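Each structure below is given as structure tokens.
Okay, so chain A shows up in both of these, paired with chain B first and chain C after.
Up next is the complex of A and B:
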């Protein structure tokens, strides 16, 4: 027994174990314990007595609530389908064809993640509402309800799908394509036999990410969902309408199901994906094909046009006195009401987002590194990977309420964080953890495992390897994560509504308040400001990337 | 390579400094400065559901009188504010609640979260605007009441005039099919008070109210989650009639939108914006000062500029009211409402939406 213990200890690295445990402890602190304090209520009555599964029985006996599950699955499936297809085609166009204006198209695809989801719905109302620009041209759709929801969810999830496919398709092994070319394989067969298997892993991830995001989003259903109830709006009704935290907790746990399924599927596909990239890959040379390029150019143009129409509609609302009744141009909508946080909230947002991005990037990257590169300890890394995927399925309201229940007890040693910007940062780091984790893991998977073996055999400490090799080599991914955190924190609403302190308001909450108070034009104006900042930050990022590429090139030569 | 190594060392160092600074800022924000605590000075935290632009206006008046009391305001919809208060029950962050629905106050009272307090001037408040105890747990400021917000431009397109929309039955007109929006009673206070009013008006022991909603459902294009959303939708022409509350329509009117506010002839369902002191270990004396001010003549006069019905019963008339505005309010049986809340909402979910 002691022999075996000794063997086990000799195989693992104590330093690694400590760091890994520290990472897991952080996740336990910011996610598991707070969630537990809310989800425990799913098994309690509102008087906080243990009632077992009674709440679940009550839930499934209520047809109105039960119907929401089907509604949610319905729109999430349709959303996942369209986002995946369009995301793939768009990414394919930018990586595997010779169309022009690729950089431009790449930017346009990201527009939706630069503005809050509530605002997608607002834009759609300006376009397709009863007084919408397009409706007035005579093209009418029944916007409020299922169709509007699907539209706004596709807009919301498309950029995520596109980004994930883009990263995968960009790295192609040219040798494969040269080989099949030489064998005279038809393009369609080539697509099915090579391109699809290449993206199989990403494809599954994309479907689940889109599905889960649509499954849990709350902003769009509130504004555009009409009488079409989904789980996220039911959650809101239970907590902020009926003050029934127990039933709210029940719905919160139901919202986690897709993420847990994603984890299981991920575990299966992960194994099949081993060794897809090799150090010997060559750059893919794209052949000329006029038909293909014309098709993809038109496709990209149509999608880009849709996003521009959305922004145009917002601008129309923001710069006119009172759409559609008074179309005089004005800048008054940019004079924000100080009661709703005013322009100060805009700068607060930038501060909060910068801190979130800095803290989040460090945490996510170190976390992913430990999950990816630890030798052995698979039980712990499996738990860590499960933790990493759950945040995606947590609606902001669940995070907000859990944080209050957990951190706002006088006995909690972290109670001092409550009511500070610190709690907002923590909520954001957690809310947006999953996608950066996937990005970081993807980047780390591409680094040769040899690095670790070599450094271990030469007894170079891992931390040295980490910051001298892994970090520099993954720098593009790190910047990408920073960007993602920044942009997402600028636009997030629902968790913060429960946590912000009166002296520190942020712009996204102001937008939600403006929208709720009927100041639609001001909400549109504030969204445009956020959009401008997010685009500016993205441009800085691109400049940084060019600079890095230039430096590496110089070093190589 | 040496260059690269130094480069990354600098990167790492700056990162450490950055994170350190962040921590410093974070911990700096949390420490409460030692301010003097007295009835006329100090910092209090107020949770409210009063509309943002009014909060600013009211607080200016308050601070003109009490310049040394610093008021931090958390404002959100009634539902979110109440949920936040309930979640924070273990360690209340708010010193007092200001202008939040009486129905929410009853929930908070039931959880023992409110401290009874009789603010100065309580004797001027009408009995229906305060809780029943001798020392009340909550006291109302103003009433908010069911009103139809009608877009006159869009209404004319349907061939109707504003005089055709006077009472609840008018919402059943066949021309209005798909042109009425109302808030859902489960998620919106306005929705709930409207539903309970109609059930009471049509006879709460009969099914007449339910039959009305059954027919109304044909004309409803959607049930919203927010009480002010129907007013906004009427203002932007997204619907012709929005069932909402008076003030939501007044704000839209002030913007110059072509809407009229109709208070239904049979009477309006209503709830009030009420104030209460939070029960906690250290009650800030300035919180009591604020509660006194909140029902003072000065405050009531300010409320009255935006709300026709104030808790002292007086007040000026606004367009659309004939006679005393308080008469517009139906006789609300709050006990019956509270007792039947779950049953009503369950039946609503089963039969209507």
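Up next is the complex of A and C:
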């Protein structure tokens, strides 16, 4: 026993232990404790006395609130259905047909990722609103409310669905497919017997992810929800309007439910999916089929056109004096009204996103390095790994309200952070943690397992190995993480809407405020600025990747 | 007193033994090869000696000091892995200097002089400014070796350093590694599952199987007097033949072929003849349907006019027979 203890202690590298504990402490601070505050509050009155299930009883006794659950489920289900269908068809077209301009279509599908969800809604207003381009052509829909929300959420979730299907279809084992094709099976049978089983786990996953995204989004309902209340808007009303934090906490826990379900499904299907993806899958050879290609080309073109129409409508609004009444071209809309944040909010967004990207990249990469390369201390790394995947299940709004409940109490020594850019950065780092973590872990797993052993033998401290070897070799992944954090922070709204300080507004919130104040053209102009910055960052990233590939090639030949 | 002592080391992964009460001693300046089939625990033993892995129980004594609880950095060894683990973003000389700078307080110039010296020793001087991926497998291997010896370690650990190379390069590097080792007089432990490698390079070989040490001794000694049937079958080839006094083991080259049968000779049917250059191997079938292998010099073979399908007479010299009557494991000769 003493023997074991001695051995255990002798093995611990104190530096490693400290760093690991620091990382876990950070996660506890920004995730575990705030979530605990949220759950605690759901069972407390606004005077912070324990009241058991009273809050929930009150919630379900109030039809106005209760209705929102059905509203939210309703639009989320419809959204999940359409996004899944379109996402699949689009991904199928890009991986299993011989249509042209695949690269073009692939990038076009990503457009919605580069703009906040409030902007999807704004674009729809320009197309289908009272004076909308399409409305004026004589095609009218009831935009504000259910239909508008569904349209907006489909735009929002489509890229996610597409990307997930794309990865599966691109890397799933094609050999089976070819074998069956060679046997002359009819296309429909082939689709049902081969393609569907191939994507079945992804399909389940996509449905849950789209459902959850639509379920928890706040941007679109804020702009075109109208009187169609959903949970996210209720939550906002309870907190920002009525200061009823207990009821807010109750709604927060409700928002969390599908996210947790999606999370569990993701865990299960990921494990099951491992087997289906073989690294050595052969490249699929796609047969010629004119009919199929024409169909899919038209489909992709229509979807791509819709996205361009959306952006085009925004541009129309942004560059004309008063659409549709005065169509003279102007740049006046880029002189933003300071009352809604002005141009300052745009720079605030950039500042916040840069800081988030810098802090987040360092934190995520160091975090996954510790999880991947620590020897011993398995108990701690196990907890750390659990922490790393939990953020995936946390909707922005839940993070927002949890942060209020945790940080905005006078007794909390970190209270000073509240209302600063610091808390916005923390919320963002946490919100978008999981995807970068997987990216970093994947990159680190590719490095030789023995680097650590070799450097230990040469007495090289781990931190030195880390910055001289692990970081340079993982640079592409680090860039990807940086870009992901930047773009995500530029467009996010849900966590921030509870946390921003009126003196430090960010662009996504400003857009919503401009729209609410009737400065819709300025909102469109601001949206374009965000889009341009995000696309530029993405381009820079692609260029940097080309440059890195070129440099490593030189090192290899 | 020996330089390195591994005493009663036991290591389990889950409830499966990787090492079961292993004892090893290595003298100063000696080259020891740990040899055994895949999964027998060789790498685990090496990593425990290095301090990269913990043992469940037992003791590691290095240079007279109990080092069981020392971290790797304090044990002062150089290590080469099968994958080489060269840092791909550093040149050959960069790889070598990386560790040296950490270990030594000497000036930059002195370190570089020393690094170049080591590079000359492994014949990589011209390649010093290349990146690992621009090197051949053998050159990468030598870079890893240079990096390990450049820090002037008190012993060297090699985990299958040659297994990723093709046969020709491997042969060349065997003698190179051995001559560098002798030149530096550095205590070296090398893991391999290639018996030829162990026999040609080692002062002493340690044969492992199923997480225990089966035998240790000079290659010649192990070859001539394998203490268990496993060792007999694993090092070289061995026939296990049932004769009147029970099962006996005999090396293929110890069996004599005779032209005329005498009373104590055995007959066998020639099934296959395999020409191996200087040697010819004959695969025969005994009366009791057991297989037998015989090696004879090709010159002798040519003088004997043997054909497949013919019958041959075997004489088993008494002094070359070994019996493992109480052992249970019987290995097929390779």
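Here, the second predicted complex is superposed on the first by the 358 of 557 C-alpha atoms of A that agree within 3 Å, B and C clash if a C-alpha of one lies under 4 Å from a C-alpha of the other, contacts with A are read in each partner's own complex, and residues count from 1 in each chain.
Following the convention adopted for this analysis, a contact is a pair of C-beta atoms (placed from the backbone, for glycine too) under 8 Å apart; a residue touches a chain by one contact, two chains touch by 3 or more.
Nothing here was measured: the structure is a model prediction, and the numbers come from that model.
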First (chain B), second (chain C), both or neither touched by A:13: second
Chain B versus chain C as contact partner of A:425, first or second or both or neither: first
Partner chain(s) touched by A:324 [first = chain B, second = chain C, both, neither]: first
First, second, both or neither for A:458, with chain B first and chain C second: second
Comparing the two partners chain B and chain C, which touches a greater set of residues in chain A: B
Which superposed partner A:291 touches (first chain B, second chain C, both, neither): neither
Chain B versus chain C as contact partner of A:450, first or second or both or neither: second
Touched partner set for A:467, first chain B, second chain C, both or neither: first
Contacts of A:413 with chain B and chain C, given as first, second, both or neither: neither
Chain B/chain C common contact set on chain A: 468, 472, 555
Partner chain C, residues of chain A touching it in the complex: 3, 6-7, 10-11, 13, 375-376, 448-451, 453-461, 464, 468-469, 472-473, 555-557
Of all residues in chain B, those that touch chain A in their complex: 4-5, 8, 11-12, 15, 18-19, 22, 25-27, 29-30, 45, 51-56, 72-77, 79-80, 82-84, 86-88, 90-91, 93, 107, 153, 184, 186-188, 220-226, 228-229, 231-232, 235-239, 248, 251-252, 255-258, 345-346, 349-350, 353
Of all residues in chain A, those that touch chain B in their complex: 62-65, 125, 129-131, 144-145, 222, 226-227, 233, 236-237, 239-243, 245, 322-326, 337-340, 355, 358-359, 362, 401, 404-405, 408-410, 415-422, 425, 467-468, 471-472, 497-498, 500-504, 513, 516-518, 520, 555
Interfacial residue positions of chain C with respect to chain A in the complex: 47, 50-52, 54, 57, 68-73, 75, 77-79, 81, 83, 85, 87-90, 98-99, 102-103, 131, 133-134, 147-148, 151, 153
